[in-house]
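Paired with subunit B in one complex and with subunit C in the other, subunit A is shared by the two complexes that follow.
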Partner chain A sequence: MNYSLLTLEILVTLLGLGVLLAGLWVPAGARKLIGYGAATLVGVILTYAIGGASPADGTAFGGMFVVDAMSNFFKGFFLLAAVVVLLLSLDYADTLVGYAEYCALTLFALVGMLFAASANDFILLFVALELITITFYILVSFQRNRIASIEAGVKYLILGAVASGFMVFGTALIFGSANTTNFFEIAAKQAELTKSPLFLTGLLLTIVGLGFKIAAFPFQMWAPDVYQGAPSPTVAFLATGSKAAGFVLLLRIAFGVVPDLTAQWSRLFLGFGIVTILYGSLCAIPQRSVKRIMGYSSIANAGYLLLGIAAASLNGSAAVMTYLGGYIFTVLAAFAAISVVVAHTDSDDISAFAGLGQRSAWLATALTVGMVSLAGIPPLAGFFAKFYLLRAVAEHVMIDKAFLVALLVACVGVVISLYYYFGILRAAFFPRHAPDLAPIAVSSTAKLAIILAVAGTVYLGIEPEPMVKVAQQAAAGLKTLPEAPQTAAK
Partner chain B sequence: MQVGLHHYLVVSALLFSLGLLGVLARRNLLVIYMGLELMLNAANLALVAFSRYNANLNGQVMVFFIITVAAAEVAVGLSLIVALYRKRQSAHVEDLTSLKL
Partner chain C sequence: MSSLTPLLLTPFLGALLVLAVPGNYRVILRALALLTGALTAFQAIALFAGFQGGSAELQFVQQVEWIPSVGLSYHVGVDGLNIGLVLMAALVSFAAICAAWEIERQVKLFYFLLLVMTGGALGAFISLDLFFLYFFNELALVPTFLMLGLWGRGEQKTYATFQITLYLTLGALVALTGLIALYVMSGVNSLDVLVLKAALAEKPLSAQAQTLIFPLLLLGFGTLVGLWPFHSWAAPGYAAAPTSTAMMHAGVLKKVGLYALIRVAWPFMPVGVAEWMPALALLCLGNILYCGWVAMRQRDLALLLGNSSLAHMGFCFLGLASVTVLGITGVVVIMVAHGLLAALSFALNGYLFNRCGTTDMDKLGGLLRQMPFIGTAIIMAFMAGCGLPGFANFPGELSVMFGAWKALPWFVVAAAWGGLIIGGVYMLRAIRSVVHGPAKAEFNHVSDANYWRRLPFLVLLAALLWFGIQPDSLVSRIQPSVVEIVKAAAPAPPVPAAPAAVAAAH
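Moving on to the complex of A and B:
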């Protein structure tokens, strides 16, 4: 077997184990060293992954694990998100009991995401998703002296376990009807399988499980509570890595396994997308907690991404990937600011952000770039993300008039979102009360995280073409792959 | 009477529904957790039945993965419930109300 395909996964796993061991020997006073080391080494792995050293396309573990353009595209973003999250977590090194374990679990969640990007079998899909979810149960409830953190963890646990129950049962039905769990083999006989009600039920249940990961309506209940209660660096990872992992699997199933069915079911995805956008946007309006607003914003964004999947075209899936790329940078920029403010003021109420414009130029810049890009205003990454996505939806209006409704709802959603994103910015720059205007000291690691995220958001806004090209190649690769079915190891 | 694939599937679907009902209807976190385990094991039963009747051992391999993952999930889940109990002196879902608008 070609182990070089798994280089990134093996390196990150070893790093995670190393961090766990280092936690035993590094004295308590120097625990920040672990965070610095982990962030630096993930950064090294990231440069290795981008720097052309990515392995040639291929499969491993009897066709279970696939490396293609899409998996490479997403793995870069997962590694980047982990670097920023580890940098941000350094501000919490003193409040998180067992900081070395926090870093190690973040790395194990990263391994789960890397495997999810390459999953080509329902068994690997399940194991990778569970690796992400179970580590996140712990990461969410890591501040166990805060009741909010534990409560968020328990809520995530119950709803996450229900979702995995649905997914496992769905996989069982798919296995029963297809007699295989490999994506290529199922794709090869999708024409007959899509007539089998057993297979369709199984697929629907699996999509329910993924719908939970991406926080799409009606499986979104956990998002606001978990976002509000969990430690801020965890939320940043949850909003970027975990969501993108759900979407990479959804993309692979929708366009790599059953592309014909996805075209038939486009109205299903469209309907859920529309409701998800409306739910996320409307519920965010009355919120006072910034992290909770980000939770609803994440639901609304899942809705936009579902519209891209509903478009069921090459441009649609490329737009979903482009959107996720821009979204990851944007959310990281926003959370870099939120994380430092929450660490400093111990509150995530909008009033804690009052006067941020005078308190710290760094945080104000990161927050502004994040919110403006989330709202979809040019020339930031969020604008082009929405532009390509809505263009893909608009192309479909000729075929199905329902997409016109989706287009209108998306525009309404953007307008509503302006209200709550700019509500945060108004508090930061034009506070109504005279707040505490003492400057906030921003640590050098947080500054580095802000530079990475803001530079990415601005760069993708000014120069989106390179990423769009890569995303289009990745989307095209997804459709040609099923033509080469692998023979299963008997 | 010959016991066939359908019988196993019906039992599995019943177990799954019972588990889901437990999650939705019960108010104690530990009982909810039992319901969740029932859902996972319903899937295991279906997988083993399919594996037997399709003469394909891959299904039973998947069952091993599910059992392992479920064990990890139980370890984390129970420790979370214990942590919550220490904080709140309660394991009831009605008491999970600190996160709100």
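Moving on to the complex of A and C:
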């Protein structure tokens, strides 16, 4: 077997184990060193991964594990998100009990994401997702002295376990009907399999399980509570890495395994997308907690991404990847600011952000870039991502009028989202009464995280061409995608 | 490289330079912003002078690939439709920078935003790729919101900021949906106006597609212009905005929506135009009559000007609904004239607010004695607002009415009534209560504009008078392009242009 295909996974696993061991020997006063070391080494692995050293395409473990353009595309983003999250976690090094474990668990979650990007078998899919989810159970409830954090952890545990149950059941049904769990083998006989109700039920249950991961309606209920209660760096990772991992699997199943069925089910994805957008956008309006708003915003964004999957075309899946790329940078920029403010003020209420424009230029910049890009305003990454995604949706308007509804709902969703994103910015820049205008000191690691995230958001907004190209290649690599939209289901 | 790119880059480079200067060097910041504005204006004047009239060809064209995999490119050029608008935008920007002396807090950020807004507005007018048109328009809108929120005036400012943000974004997004639909359904994988034009000349959009896309564009871009009944953001927004922002938005940015409609919706969707013409004619009466009526009831000068500006937009929509060369030429003339006039009016309004502390007309009065220059400027601006010959608005409105007479005679009657009578009533009343009447003791201390502060008013007045006395300098440039547009928009042979009517406007 060609182990070089697994270089990244092996390196990150070793790093995680190393960090775990280091936690035993490094004295309590110097534990920040662990965070610095982990962030630096993940950064090194990231440069190694994008520096052309990534292995040629191929499969390992008897076809369970695949390396292709799409897996490489996502692995870069996962590694990057981990670097930023580790940098942000350094602000929490003194308050988190067992900081070395926190870093190690973050790295193990990263390993799960890397495997998810390469999963080519329902079993590996399940194992990778469980690795992500189980580490997150702990990461979410890591602030054991805060009741909100424990509560969030329990909620995530219960709902996550239900989702896993769905997925196992789905996988069992798929294996029962297809006699294999390998994606390629199932794709080869999809024509007959998609006639089997057993297979369809199994697939649907698997999609439900993924729906939990990406926080799509009606499997979204954990997101706001967990986002609010969990430590901010964890939320940043949950909102970027975990969500993207769910989408990479959804893309692979939808377009790599059963593309014909996806075209038939486009109305299903479309419906979920529309409801998810509306639910996320509307529920965010009355919220006062910024982290909760980000939870609802994450739901709404899952809705936009589902529209891209519903488009079931080359442009649709390339748009989903482009969107995720921009979204990861954007959310990291927003959370870099949120994380520092929450660590400093110990509150995530909008009022804690009042007067941020005068308190810290760094945080204000990161927050503004994050919110403006999330709202889809040029020249930031979020704008081009939305444009490209809506374009993919628009290709279907003449074939199926439901797509027109989706387009208009997406527009309404964007306008509603402006209200709550700008509500945060309004507090930051035009506070009615700011009790405390003392400057907030931003650590140099947080500054580095902000620079990375903001630079990425701006760059992808001004020069999206390279990413679009890679995303289109990755989408084309996913077998049998139609160039133009196919006739949608009636 | 075409001379349009330096014109576009000047304000952005100026904005970057402003960022590099420390915030407490106010004189340097102001000088830098003024220099940038002046450079932009000179370039635009040179461009306007160098533009060859009498041809519908695009001039000063430049194209650079941007995202080839999605078919987007940076493509700029001017023809009759936008050359006047570019000149107007540059002049108004310069005047707006001059008028920014009133800003006292965070001067650096204000000039930065103002220059970005200038660049965005110019970019939107010169872009031939519709993605960039949208991109630059949105880029200019972001500073609008920030300026309203940070430097706005009045108790309603937060509400007005939110209202204008949500309205304009919704409008822009609906228009974007229409543009994306056009992009996809034309089948050319491009948003370039020239590519679309060539492709749609070969194979026009199906009637079904046109009836789908046209209303999206009309209502989306219409909201940006303040088409009745999507206009309610405008008057409170302008009343709450700092002077320079109101000048830039009412004068320049509002015209982007109209420009996009003339550039895209009319030539590419003749079926849509034919279907929506009656509805548009009715909606434009909403602007002319309803908003005029509302303006009559205002006691606050800023709200009066905001509503009057909406009433003027009604004439533009009437001209568009006429689909005649004369009518649409008139629309473009009004767009230029109204841009200058709206900026002038809001600059005067801002000056009064700063000197007298109020724009409530019941409290103002007799100001002509105190400030002869500003008072005279107010009289001239308001007279231009009710369509006095000699100012640039007059030929525009007259051409629109002549152009629309054949197709929509009763609407023209209503518009003339609304525009001339109602407009006359509120403008004359405003003149009476602001500059005439007994002098009030509390305004004894207010001073007239000094020579330096007269500059923005003089620039705008001079341009208004020049185009009022020499409308041919605009019309000869505009008309050839409009002929092309009307040829595409009206399936029947277009009504031959009547130079006599334009001549009558002189």
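The working rule: the second predicted complex is superposed on the first by the 478 of 490 C-alpha atoms of A that agree within 3 Å, B and C clash if a C-alpha of one lies under 4 Å from a C-alpha of the other, contacts with A are read in each partner's own complex, and residues count from 1 in each chain.
Methods note: a contact is a pair of C-beta atoms (placed from the backbone, for glycine too) under 8 Å apart; a residue touches a chain by one contact, two chains touch by 3 or more.
No experiment lies behind these values; they were computed from the predicted model shown.
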First, second, both or neither for A:391, with subunit B first and subunit C second: second
Touching partner for A:229 - first (subunit B), second (subunit C), both, neither: first
First, second, both or neither for A:151, with subunit B first and subunit C second: first
In the superposition, subunit B vs subunit C on subunit A residues touched: B
Which superposed partner A:400 touches (first subunit B, second subunit C, both, neither): neither
Partner chain(s) touched by A:349 [first = subunit B, second = subunit C, both, neither]: neither
Which of subunit B and subunit C A:464 touches, first, second, both or neither: second
Subunit B versus subunit C as contact partner of A:57, first or second or both or neither: neither
Subunit B/subunit C common contact set on subunit A: none
Contact set on subunit A toward subunit B in their complex: 122-123, 126-127, 130, 134, 137-138, 141, 144, 147-148, 150-155, 157-158, 161-162, 164-166, 168-169, 171-173, 175-176, 179-181, 224-225, 228-229, 286-288, 292, 488
Residues of subunit A that touch subunit C when the two form their complex: 372, 377-379, 383, 387-388, 390-391, 394-395, 397-398, 404, 407-408, 411-412, 414-415, 418-419, 422, 426, 429-430, 464-465, 468-469, 472
Partner subunit A, residues of subunit C touching it in the complex: 66-70, 131, 135, 138-139, 142, 145-146, 149-150, 158, 162, 165-166, 169-170, 173-174, 176-177, 180-181, 183-185, 208-209, 212
For the subunit B and subunit A complex, residues of the former touching the latter: 9, 12, 16, 19-20, 23, 29, 32-33, 36, 39-40, 42-44, 46-47, 49-51, 54, 56, 58-59, 61-62, 65-66, 69, 72-73, 76-77, 80-81, 83-84, 87-88, 96, 98-99, 101
